[in-house]
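Have a look at the structure that comes next, please.
When the chains are written out, they are named A, B, C and D in that same order, and each has its own residue count from 1.
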Amino acid sequence: MQPIAILTTGGTIDKVYYDALSKFSVGAPTLPRCFQEANINYEVSVREICRKDSLDMTDDDRARLRAAALARPESRILVTHGTDTMTKSAEALRDIPGKTIVFVGAMQPAHLRETDAPFNLGFATAAVQLLPPGVYIAMNGQVFPAGTVRKNREASRFEPA
Amino acid sequence: MQPIAILTTGGTIDKVYYDALSKFSVGAPTLPRCFQEANINYEVSVREICRKDSLDMTDDDRARLRAAALARPESRILVTHGTDTMTKSAEALRDIPGKTIVFVGAMQPAHLRETDAPFNLGFATAAVQLLPPGVYIAMNGQVFPAGTVRKNREASRFEPA
Amino acid sequence: MQPIAILTTGGTIDKVYYDALSKFSVGAPTLPRCFQEANINYEVSVREICRKDSLDMTDDDRARLRAAALARPESRILVTHGTDTMTKSAEALRDIPGKTIVFVGAMQPAHLRETDAPFNLGFATAAVQLLPPGVYIAMNGQVFPAGTVRKNREASRFEPA
Amino acid sequence: MQPIAILTTGGTIDKVYYDALSKFSVGAPTLPRCFQEANINYEVSVREICRKDSLDMTDDDRARLRAAALARPESRILVTHGTDTMTKSAEALRDIPGKTIVFVGAMQPAHLRETDAPFNLGFATAAVQLLPPGVYIAMNGQVFPAGTVRKNREASRFEPA
């Protein structure tokens, strides 16, 4: 199995409730707990790029994400990301050659009792291992090549653009 | 067992995540699901006063809560409420005679995987059955008479005022 | 607030799944995690009497439970217990004078996503603080004095005997 | 996207607690709820072969599973199965030509608060879409071709045989 690098940027998947502020904000990445529950036996490198609602991500954040994806020695890269601008960030990485880069997030926070987060992370973990080089969005049980997909906010679902 | 009236006002306990808005807001009361999971076999009346973060509750909301508590034929009344102004609303009901009124809420939404909501609702359900007439706050496994308690936001906990 | 002693005996509330055995068995007490989620700020002593399905509890187990309840300096005692023989164990403690002893358990393990465990523990935690001396079963959102209650297995519910 | 057929056989993933029997047994398939939480937008056919702990599966059960996999018009088939004899059932399907058949299960029931079930189902859902024809086991975030894998019960994990 080829090694996988994980880059986290925040998004709904990592939202937690801060009682002291009476609001939800992006917290620590939840992916490690999910990998632990799945009893995964191989090493993955996890690097935190930022901790933001994706509506707040800037061009600078995307530049740092791109630089990190380029710099990693691994050719298989999983990016956790908010769903609202996931397609935009995927675009920013499209010209990286020779790597399989898969974006994933969640419509409902991983900390909720009912959430799509662990299913989506599992789906993306298989996708990043099996897809040929390219940039993809893996959501709602489907793989979409970057540039061919949009988020339908009303339906809370990604679909062909 | 004497009948219990439940009045819901919203608060953190009922917060849900709306993906279409990329934010959490107060949703439908979660108490009925909790009572169903506890397989409770007696009738309770549930009336929704409002669906608000308690920081947004107005004097008018409190007047409607007070009127509802007075109007209910039951002498045992459970109020679900946001924690930030729970003590203020409890004050507004303090002069209602002959009724046991218990306020309860949660520091973490009932929809989270880790939450104090069901424990708190269970605690308050016993408290409203067993306490003498008066207005109380039942939080963090303790009963506090209204007027003797404050929320310590840093510690996410109620404590003697 | 008067101090509370907690005695744990096992039961469904503490059942976990052991993959190595492909079966569920009684695991470590779940009450401490529940108290932690409720952010309880007072000390409780927790003593483990046994870790058994209550159908497997022996007269000797009940004698040890009784001895522990007598020996504790606290006058308020919460007992977590399997539901199938909870009424029998409660009988065994009925002649202990001057103490409020509350039995509680769950129909669905605390480790399940849908469970009555935290609600029941919250309910019993208030009941043990507020009830006069005596032995009680606190289940399904109700307090039953020992000797007046039976489990209806078909309905998964306690009811007057 | 090519259509996917799902065949369910039971196993730990579907275990529920029956209070009336004071024990866990295999319940209804949990996969549909998981697909619903992931807001999956394509049709999958779900057919229940049996509802068994995989230690109780017979040669007849495996023959029916094999016949169902052969009979389905879909060339991509996902099988939910208990982990203890998953490798044996996979062997029984190895000579089916032209189909991608992926076995998946869980070490902890989907109904638990902490479970590998949704991650595993997500992983397998991507694997069945992306792998070439063959029979595979998709567990612990890895794809193992049938015949090359064993369950390590002590470690609760699949590993190369």
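The criterion applied here is as follows: a residue touches a chain if its C-beta (ideal position, glycine included) is under 8 Å from a C-beta of that chain, and two chains touch if they have at least 3 such contacts.
Note that this is a predicted model, so its numbers are computed, not measured.
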item: Most widely separated chain from subunit B, with each centre as the mean of CA atoms; value: D
item: Centroid spacing, where centroids are CA-atom means, of subunit A and subunit C in whole angstrom; value: 43
item: Intercentroid distance (Cα basis), subunit C paired with subunit B, Å; value: 26
item: Approximate Å spacing (C-alpha centroids) for the pair subunit C, subunit D; value: 37
item: Contacts with two or more other chains, residues of subunit D listed in rising order; value: 107-108, 113-114, 156
item: Graph class of chain-chain contacts, one of line, ring, star, complete, other; value: ring
item: Each pair of chains that touches, named by its two labels; value: A-B, A-D, B-C, C-D
item: List of subunit B residues in touch with subunit C within their complex; value: 1, 34-35, 37-42, 107-108, 113-116, 118-127, 129-131, 138, 140-143, 155-157, 159
item: Subunit D - residues contacting subunit C, complex; value: 12, 15, 17, 19-20, 22-24, 53, 55, 82-84, 107-109, 111-114, 153-154, 156
